[in-house]
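Each of the next two complexes has subunit A plus one other chain: subunit B in the first, subunit C in the second.
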Partner chain A sequence: MIRIAVILFPGINCEDETLDSVRSAGMDGRVVRWNEKPELLKHFDGYVIPGGWSYEDRIRAGCISARDPIMIEIKKQAEKGKPVLGICNGAQVLVESGLVPDVKGGIEMALAPNINPFISGYYVTWIYLKLSSLKKTAFTIGLDKDTVFRIPIAHGEGRFKTADRGLLDELKKNDQIILRYCDENGEIVYDFPVNPNGSMFNTAAVCNKNGNVMAMMPHPERANWLRQVPGSDLTKGEQKGPARFIFESMKKYIEGRK
Partner chain B sequence: MSKNEVSESEIVHISKMSDDELASFMKKNVISLKINEARSLPKKLGRDPTLTELHIFNIQWSEHSSYKSSKKILKQLPTTGKKVILGPKEDSGIVEFCTIDGEKYCIVVSHESHNHPSQVVPFEGAATGIGGDIRDVLCMGAHVIGVADPLRFGNPDGKNRNVVRYVANSVVEGIAGYGNPVGIPNLGGDVYFDESFDDNCLVNVVCIGMVKEKDILHSYAPEGAVGFDVIVVGKATDNSGFGGAAFASLILDEGEEQTNKGAVQVPDPFLKNVVIRATEKVFKELREKNIIAGFKDMGAGGIMCATSELGSSGGYGMDLDIDKIHVSMKNLPPYVIASGETQERFTWIVPPDFTPRLIQIYNEEFDLPNVAKGARASVIGKVTKEKQYRLTFKGKVVCNAPIDEVTEGVSYERECRAYENEFKEPALPEPNCKEILLKLLRQPHIASKERIFKHYDTEVQGNAVIRPGEADSGLIAPIRGKSFGIALATDCNPFISRVDPYWGAAHAVAESMRNVAAIGAIPVALTDCLNYGNPEKPEAFWEFVQGVKGVSDAARGIKEFETKEAVPVISGNVSFYNENKKGTSVSPSAIICCVGMMKDYSKAVTTAFKKEGSLVYLIGSRKDELGGSSYYRLFNEYGKDVPKLDFDKEARHIYSVIDIIDKNLALSCHDISDGGLAVALAEMAILGRTGVIIKADSKIRFDRFIFSETPGFIIEVEEKNKDAVEKILNEKRADFSTIGRTIADKFIIKNNDNDIINASIEEIEEPWRNGLVEALR
Partner chain C sequence: MSYEIELAVELLIPDNVAFTAFNTLKKMGFGIEELKRADYYKFVVSDDVDFDEFSQKLGKVDVLVNANKHKATITRAGDSYGDGCFIVVVQDIDEPIGLLTTLKERLGLSEIEEMEKGTMWKLFVKDRETAKKIAEGLLYNRHYQKYEII
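Up next, the complex of A and B:
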């Protein structure tokens, strides 16, 4: 069976439901603590860094975890083409470690504090996302471009920003902006509340050039079962939620590599 | 050294002091024991006390720790029942939830207050309030699965508006700033604004967890524990929160603000997150190895309170070495180390052969010393057969008291004096009802709570089914892949309670039950947090006595329908000394949480109207009883005739709604409370973006009809289910009528054929969306 390592840095708090979501997509795995032997990671087929407050968001969210020795091994495995998904705080870790977007290398992006006219700081809400790229990635297999789905966000710093002006054009050119905030009809509206945090180009998820590492701010493990979606038909509550495809795609991608 | 002996240099010779000398000695040492309380110590100890012992009894005999004014009154509450696994004895109550594959799953609930700290240092006060409540639930061996926060703030537009808004915003930030990182979803709560809370906000916290019955841990040293190790786990002890329990039992005095601030603990949600994960690993290994251990949270009274209770309730003594406790400050006196309330700590009692593994899990696998400076697990002593509580410090014995005396506490008969308040029924002319409705919808306690809830992580753990704001209670499905659901609601209307503390408390019980019933859940347990004024004042104490009676009568009166049992009060807390600077008590607040259970969450319904053309039923006929209503409060009146409760009828209404929802006959449901029928209908229309037309024929004046807060429900029913619904309502002899239908996009209320209110959904939505946002700006 495919085995996924769900990485627990101190302060991460979504590891259990993330592992359950991985399992619901037909894979297995376990939670791996930050201070276990990094070599252990070789024996896993893919990696998920879940959400939370790793290292208390000291300096910047994700900054300390990105420099944790375990990330050296994750980078090595990513270079071999294994999939790495960073969710929320995990996305911040991937951006801080330079694994995403990996255009020229180094830290090229940041996740800046939300711009929100309603609530400053941490903000939880359900939004719509649209698959906005034709690129083949490990997380969007079998999905049509322009697919729209519902998913929640929960963060205070989720506004994708580039260090260089030219980088956004480069990302567009390389088709690395995978998911974007949109309204329920799939229209990209740049204002709040459709864009819940002021993210540039309504960006919600960015991948590396190879498409095997993705940093996404919304939480797929919180839209993994239908009952989690507000207003859904609860009689189908235990069925597949709108974001399960991300984990299912990971499975297909790993199977395709074997 | 023989039984009661302590080091001579430690003894304070109080029997040689005059009363004045004793008083001034205690004041200098920040000990608030009464003279007669201090004078009783030599008899208990067989000698004069040490300074450490004086501090210990000071904390143990504070109102907060000893319930000295309240415990006799609290005895009347129903605390037992077929489903009760543990009543209000230890840190949390436990009630049976469901059985899966022969294993019984239980819900653990704790309900605490952190009022005084939240007024003085709101962010930290609210955060540590959650922190303490989470520990109370975790220490029963449970997985913590939810929190809820009933909040009471002052008038945001009154003379103290700046402080009120600062306190309210900071409390919300504190709850979010702690609960979110630890990873506990917020399931709800309620919020009221009333000027009686201007100088003394109320910040209550409810926390729930889940545990299998066989895995429950207790707050006592287990059988055969002599020689077991006593281990302190968590943050390094400092002087923060020293005297916190005693502080909770004082009236806030601005002149002593600095001392008071020192009594508030410092939260560390990051460390707590890691300690919880390490502790769950310890639970797992204890279960695998079949080891029985004792485990207790460190809250009020710190290490001293936790270890003495662990020992005393198991029938043992304790021999502890204060020098072995990990500290982060030099030169702390022994009584500060022993009884300071540093956060994020626990005490374990385990057999010595498990100790090395326990230490390894905390100190190496979860690396506490590197996660937070000075944090770790440390062995500090042993459980003894001799029932003495013995503390040594730098080679000296600083406390050596009979352990049962340390935990026994004191009890007082407080004087209780009924009073007649000055409230009268106002003579209000018949108003423009539409204007009144729009004003009511803008009231911050009625308006949408999104401004608060969207700051809380309602989604973490992935169990969410119904979130705060979608229905009258939150709902989670805590067992992955199973249909069982837990609902939670908190209530207490301060306006009704101000007019009548008995009916206010009874309503809190009834409303919390209605709130869980409105989504389809069965009330299985209650918790109470009783927030009142100074118990030394006979009128304030009377309010408390009335409140407890109201809770007790309602819990016994609104019986579980099948078993005819009272819904048990399984956990609770008493918070006294809540008053303003002039010495007036806060509005009496028996804040109640009701835990509801659903076998099948997929049957749950929410508040929003679902479609056009449905029938709208009113359950509970409207009465002319508007005392304490939000309508009266618009005119700054209280009134006198508060709604009364017929407990038996209330039960029939609650259980007919549960039955209707269980048979999938309701599309939506909402309970009638603040703002009455008109506000309840407006909320259903706004949330469902569906209009409604109501045509009523009222015997009472129409404004009083639509704004009366007589308890009740509104349900939306499809035409085809009419007969089935009415059959259930008739069988349960409910008061009900069909009052209208849902329509496309208008909100219309007619008195016979006259439009009393005719508004668009947008018109009623605007004040409802913005009321709380404006109040917190």
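Up next, the complex of A and C:
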């Protein structure tokens, strides 16, 4: 059975539903705490860093966790090609650790505070995402480009931003911008509310060059069952939700490596 | 003509953010003896504004300072904080400051022409170069923030 480590830093609060989502996709695993021996991570096939407020977002969201010793082992395992998914706060950790986008190395981006014309800080809503890349990643296997799906966001610092001239062009050229905010018809509209946080190029998820590490701000574990989606038919609630493909893709990717 | 006034608001109760930053810097191998943190505000006011009167008004604005848990230090920009430390101020580059409107229009501080806000880190380290390395290694993200050692 494929085993996924769901990494728990102090303050992470989505570990249970993330593990449930992993299991719903036919994998197994367990929650691994930040202060367990990092070496045990090598016995897992993949990793998910869930959402929450690791270290209470002290200094900046994700920046303390990114410097935690357990991230050294996650980097090592990612270099071997194992998949690493960072969701929301987990995405902030991956960006602050330099695992994403990993074009030239170092911290190449930020997840900056949202720019929202009405609400300062934390913002929660359902949005639409569009698969915007043909790149083969561990998280989008079997999905057609331009697929549109609905998923929630819940963050105060989710605005992908870089000060590096040319990085955005490089990300486009490498097809590393995987998911973008769009309207329900799949049209990219750069303004609020379609772009809920002012993210550059409507970016919602970015992967590394190899496609095995992805930082995504929306929460797939909150759109993993139909019952979680507003307005859905609750008699079909246990059926798969619109974002389960991300976990199912992880499984296919790992099976393909074995 | 105008001049600048700085307000540093420190916690009187234990500052968990400062503890975490200190411990992280130690783990990263920095030689640091102590670290303090404050919310930082800089106000631009006209030369006509009396520093002492404005300082008194500012210290009473409870959206900035809560006397039950904060200690406020108000200085003219450029004055020393006198702690024998290096002071790093980190600010978001493109953060809209809605607070300015609140202070001017609702709380009676109409003297303020401009304002900035950020986080002030007091670093007790051996030299400026170490303070710079700490700022760039942990305290700021260059993609949306700026820092200055004052």
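By our rule, the second predicted complex is superposed on the first by the 258 of 258 C-alpha atoms of A that agree within 3 Å, B and C clash if a C-alpha of one lies under 4 Å from a C-alpha of the other, contacts with A are read in each partner's own complex, and residues count from 1 in each chain.
As a working rule, contacts are C-beta pairs under 8 Å (C-beta built on N, C-alpha and C of every residue); 3 or more make two chains touch, one makes a residue touch a chain.
This one's a predicted model, so the numbers in the text were calculated from it and none came from an experiment.
Three-chain overlay on subunit A, with subunit B and subunit C fitting side by side and no clash. By the touch criterion stated above, A:E56 is placed in contact with subunit B and with subunit C alike. Of the two partner chains placed by superposition, only subunit C is touched by A:A163; subunit B is not.
Within the superposed three-chain model, A:P113 lies in touch with subunit C and out of touch with subunit B [touch as defined at top].
Looking at the shared chain after the overlay, A:L171 reaches neither subunit B nor subunit C.
Using the contact criterion defined above for the overlaid structures, shared-chain residue A:L85 touches neither subunit B nor subunit C, since it reaches no partner. With subunit A as vertex, the superposed Cα centres of subunit B and subunit C define an angle of 70 degrees, given in steps of 10.
In the superposition on chain A, contact is made by A:P152 with subunit B only, not with subunit C.
Look at A:H219: by the touch rule set out above, it reaches subunit B but stays clear of subunit C. In the superposed three-chain model, the partner touching more residues of subunit A is B, compared with the other of subunit B and subunit C.
Judged by the touch definition given at the top, the superposed model places A:R67 against subunit C, while subunit B stays out of reach.
When the two complexes are overlaid on their common chain A, residue A:V103 makes contact with neither subunit B nor subunit C.
Superposing the two structures on chain A brings subunit B to within 6 Å of subunit C, judged by their nearest Cα atoms. Applying the stated touch rule to the two superposed structures, the overlap between the subunit B and subunit C interfaces on subunit A comprises residues 55-56. Interface residues of subunit A, counted against subunit C in their complex, comprise 55-56, 58-60, 63-64, 67, 96, 107-110, 112-113, 115, 120, 159, 161-164.
Those residues of subunit C lying in contact with subunit A across their complex are 16-17, 20-21, 24, 27-28, 92, 94-96, 98, 138-139, 141-145.
Those residues of subunit A whose C-beta lies close enough to touch subunit B in the complex are 8, 10-11, 13-14, 16-17, 20-21, 33, 35, 51-53, 55-56, 118-119, 121-125, 152, 154, 219, 221-222, 224-225, 227-228, 230-231, 234-235, 237-238. Across the interface of their complex, subunit A is touched by residues 173, 176, 180-183, 269-270, 273-274, 277, 365-367, 371, 451, 453-462, 464-465, 467, 470, 477, 480-481, 483, 601-604, 606, 608, 773 of subunit B.
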